[in-house]
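What follows is subunit A paired twice: with subunit B in the first complex and subunit C in the second.
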Partner chain A sequence: MNETYRTLRWSTWLGWQIESNWADIRLFVLYLIVKPICGSMMLVCMFYAAKYATAGRVPAEFLPYIFVSNACYGLVGMVMFGMSNVVISDRESYRMLKYVFISPAQFQAYFVGRGLARALEGLLGATITITTGLLLPDIRAAVNADGFDFGWLVVFLLLGAVMLWACGMILASAVLNMSRSGMFLSEGIAGVVYFLSGVVFPISVLPTGLQYVGLSLPTTYWLEGMRRAITGRAPASSPLAQSPLAKWDTGELALMLLATTIVLVVLSQLFYRWSLRKAWRNGKIEEATGM
Partner chain B sequence: MSELALRTDALGRTYRKARKRWWKRTDPAASKEFVALDGVSLEVKPGELFGLLGPNGAGKTTLIKILTTLLAPSSGRAWVDGLDVVADAKALRPFINMVSGGESSGYGILSVRENLWLFSRIYGVANAVINQRIDAMLAVVDLADKANSRVSHLSTGQRQKMNFCRGFITDPKVLFLDEPTLGLDVTAARNIRKFVKEWIAEKPGRTMLLTTHYMAEADELCDRLAIIDKGKLLACDTPANLKRQVQQHSIFELSHTPGSGGLIEVAGLPGVHQATTTETPTSIELKVLLREESAIGGVVQQVVQSGGRILTLKKVEPTLEDVFIELVGHGLNA
Partner chain C sequence: MRPALELFWKAMMARTYPRVAWMFRHRTWLIQETLLPMLSVIALANVYRWMHAPVQYIGIVILGAAMTAFWLNVLWSLGAHLYWERDSGNLELYILCPAPMMGILAGMALGGLTMTIVRAAAIVTTGVLLFDVPLEPTSWWLLGLIFLLTMVSLYGLGMMFASVFLLFGREAWHTVNLLQEPIYLMTGMNFPLVALEKMTHWAIPAAALLIPLTAGMDAMRQVLFRSEGFLNLWYEVPLLGVMSVGFILLAKRFLDVLERKAKEEGKLTVKWQ
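After this line comes the complex of A and B, so read on.
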């Protein structure tokens, strides 16, 4: 425990040095502000395009829905990419992974610390994006201002952190036994999860089979929880209320997030142990795979 | 057993080459298993500076990886400081460290000092002594002026020197150095060799396993050394004892111009125990181990008769290279 805490401390420090050491502030702005805002603005424009095409029949509450969940999802992608990229960058370019592995450091805490630095960056990006969105009159008007709930926001952020840890460890573990091309894995998985967890549409839109897959992912509950905490619930008359989750109250949502997260944590730990052992057997921890 | 710093018992390691993939056609020869270590048994006492000598691909790095808990052995067992490298890996890690030469590792974004500081923290070195240790080590490798430079601005050799410091800064009980002087300039290599000897003598109970493919380095540094080739342990003794094995022979080095009919064959001549030739752009270097000294007459005659012109001829003392040739049947760099 003591060793875990110590490793967590220095690896978060290291992660922050690596993440924040932007040689060029313009790149930093581009990456952390321009890119996420552009991604969200694209959705905003699609919303307006749909609205005009249907002569205004797209309900206004769709706008904050897609805007907030897309911003929050950025955090998921960032942590998954960040933690799996630790394996690749440390093994292939810094060539330090083997030295960390044979040191007394707690190896998993090393990934978590590095991921934590990433998560802080992602949180900053999401906050900036959402704040920018609130400057748009349409979004501000559509947000149910009374709906903002700081208490639930904290609950969902904390549960979300545990969920992100599990997601990140699954990706990092998989990449341990892959070559440099493992870089693309996190992008691919992030895309699939984006599709299945109702980021830009309620999952009721999906075919029934896929709805069940979506309902087994903690990200689905997390995003719904984050949306409710930030923008309040969609009105009962809205098509958004067709979503299977709309009938759940927020407490049930949090419990379901907790339950699915626990399952994911157990799976990620089993997978991590299995992967690490396999990598140690096959000499993948130190192998610079090149390519 | 616990009084040994290192022990391996019939240690083996097999690498599986390229796994079969259904979407890719694989060459059946390439998917065969490769034996990198074959039943290696070794014992090293605390306080020893023990060398592993062998050509590229002999299995030296593989052995170090297993002993440092980085890689699983395929067969046999190994203990470091009395702890099993598989079962007790966690307990062992605080007491060991490793440096691989010839590679440029380090977090590029951090300075040299920060990199070393980070590793001291990982091993729990007390804050009060960290900076003093870092300064002392940087002075050894002549890198003090780069202490605050970003690692990404260093040359490969400078990074390697920093990596060397990283190994010592945690004050390990057993230290593994894998070709520490590979690619370094002569002065730096000499300083490192000097420091290695001082380090081991400074505190009793420190043990070092060093691999090299430089014969002279092994001869100068090691209390005892093991010669390995193709994963097999061929001999293990002090450098002096190993050289005694070939002392019964007279050794001559003869340099000559190429003969008219290509390479000159002397190995079959009476009294010649072994002969190795190395071609340089301008001459051919011939080294012969003779059962009796008088056999040199026949060798000289053979060279002259084949149209070669003798440039130099001298009698030499046996080196580890000769031991190696005797054991392996070819030179280290052949």
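After this line comes the complex of A and C, so read on.
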């Protein structure tokens, strides 16, 4: 336990240093702010462009939906893909993965620590983005004290952290046995999650078959839970209320997220052990392909 | 003069070769470069469909995704590439050999362009077929000319980035990351540039015109979808022409100055910094 904690602490520190010490702290903070805000502002521009083109017929509640979802999705990207990127950067670029493996450090805790550093970055980015969004009246109308539920936000953040750890471990484990294609696996999974989890549109827009696939992803429940905790439920008259998850109450969402997360954790641990053993036997832990 | 041109040509082709050969040797790229980017394109196109925006807006997303592929290629495979080449030990070999660096950069650009054209074509074809976007350009020739000028100026800008990145360490990675979302926003990658003008101030899209993507996409949208542009087409085409020549000349100048500076500061062989 002590060893795990120590590995976690130092790998988080190392991850934070790698992420932040390339620049002056003011420049780094600017970097943290500009990137997520611009990503979300692009969706804001798309919303207003559609609104101009349809003479204002786009419902106002669509904007907070896409804005909050996108800010939360940033956290998914940061943790899941940050953890898998550790394998690539430490093995291919810094050539240190083999030394971490033969050291007394806990290998999995090392990945988790590096993921935590990214999570901190992602959480900061999401908070800054949502706070900046409050400058827009349409978002201010949705993100306010009436709709905000701090208790559920904490529940979904905690469950989400476990879910992201499990997803990150699955990706990192897969990348352990991949070389050149490793980086693209993250991109592919990002695309699938973005498309099927209702990040920028409700899953009711998808064809029925794909809606079921979306409903099998824990990220779908997590994003819906986060949106509800921050903005409250969509009005009954809104097209958003036609989403399959609109009828669920928040407790049911949390339970479903818990159940899918437990399945994911078990799967991730089994897959991690199998992948690590395979990578070790095939010499993949020290393999550098010049990628 | 002739041996110099011959050497330039050989250096360019030699650097193009690995990028083109890779396309045939490592087939998984077809999935990576075509299927995966489509997922986010479909997601963004669905946003407009969900909002009942005109179908041309979906066309804007598809065109934006295709042009994003070129922008990412310029940033990662050209701009930041000398940084990776330094890490892998190739940069010192480039400097040691008699081949001109501009030839090597041109080869990187040509190889990257070939690969990215496949990705862009897959995005456009799938997007147009999937969302039934009407393509009725006012002139295919004009569209081709605008695309060509956009590519030359874009890759010229990439060559300029490559010179600047010679001086960079790990910040190269973050700088490239920083040149994504803000640029997508400023260039109106997924929405008409006029919408940005209406939402903010005309000065913002006007400043963004200095990025070849902005002028190129705005002009291509006017030709392809007959939509309202931020600037008249007949101003944007010459602007692209000026940028094409200007960025390549600037890239040459930057490369001379910054290669010298990198040598003086001992940054040509520094790794993992």
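Definition applied: the second predicted complex is superposed on the first by the 277 of 291 C-alpha atoms of A that agree within 3 Å, B and C clash if a C-alpha of one lies under 4 Å from a C-alpha of the other, contacts with A are read in each partner's own complex, and residues count from 1 in each chain.
By our rule, a residue touches a chain if its C-beta (ideal position, glycine included) is under 8 Å from a C-beta of that chain, and two chains touch if they have at least 3 such contacts.
The shown structure was predicted, so the numbers you read here are calculated from the model rather than taken from an experiment.
Within the superposed three-chain model, A:73 lies out of touch with both subunit B and subunit C [touch as defined at top]. Subunit A is touched at more residues by one of its partners, and among subunit B and subunit C that partner is C.
In the superposition on chain A, A:31 makes contact with subunit C only, while subunit B stays out of contact range. Contact with neither subunit B nor subunit C is seen for A:272 once the two complexes are overlaid on the shared chain. Contacts of A:205 after superposition on the shared chain: subunit C is touched, whereas subunit B is not. Legend: residue contacts after superposition of the two complexes on their common chain; A:94 is shown touching both subunit B and subunit C. In the superposition on chain A, A:81 contacts neither subunit B nor subunit C. By the touch criterion defined above, A:111 lies against neither subunit B nor subunit C after alignment on the C-alpha atoms of chain A. The residues of subunit A shared by its contacts with subunit B and with subunit C are 93-94. Remark: subunit C residues 26, 28, 31-32, 35-40, 42-44, 46-54, 57, 87-88, 169-171, 173-174, 177-178, 180-182, 184-185, 188-192, 195-196, 198-199, 272 touch subunit A in the complex.
Within the complex, the subunit B residues that touch subunit A are 15-16, 65, 68-72, 93-94, 96-98, 103-110, 114, 118-119, 121-124, 166.
Those residues of subunit A that touch subunit B in the shared complex are 6-7, 10, 14, 17-18, 21, 93-96, 98-105, 280-283, 285-286. The residues of subunit A lying in touch with subunit C in their complex are 22-23, 31, 34-36, 38-39, 41-43, 45-54, 57-58, 62, 66, 93-94, 180-181, 184, 187-188, 190-192, 194-195, 199-202, 205-206, 290.
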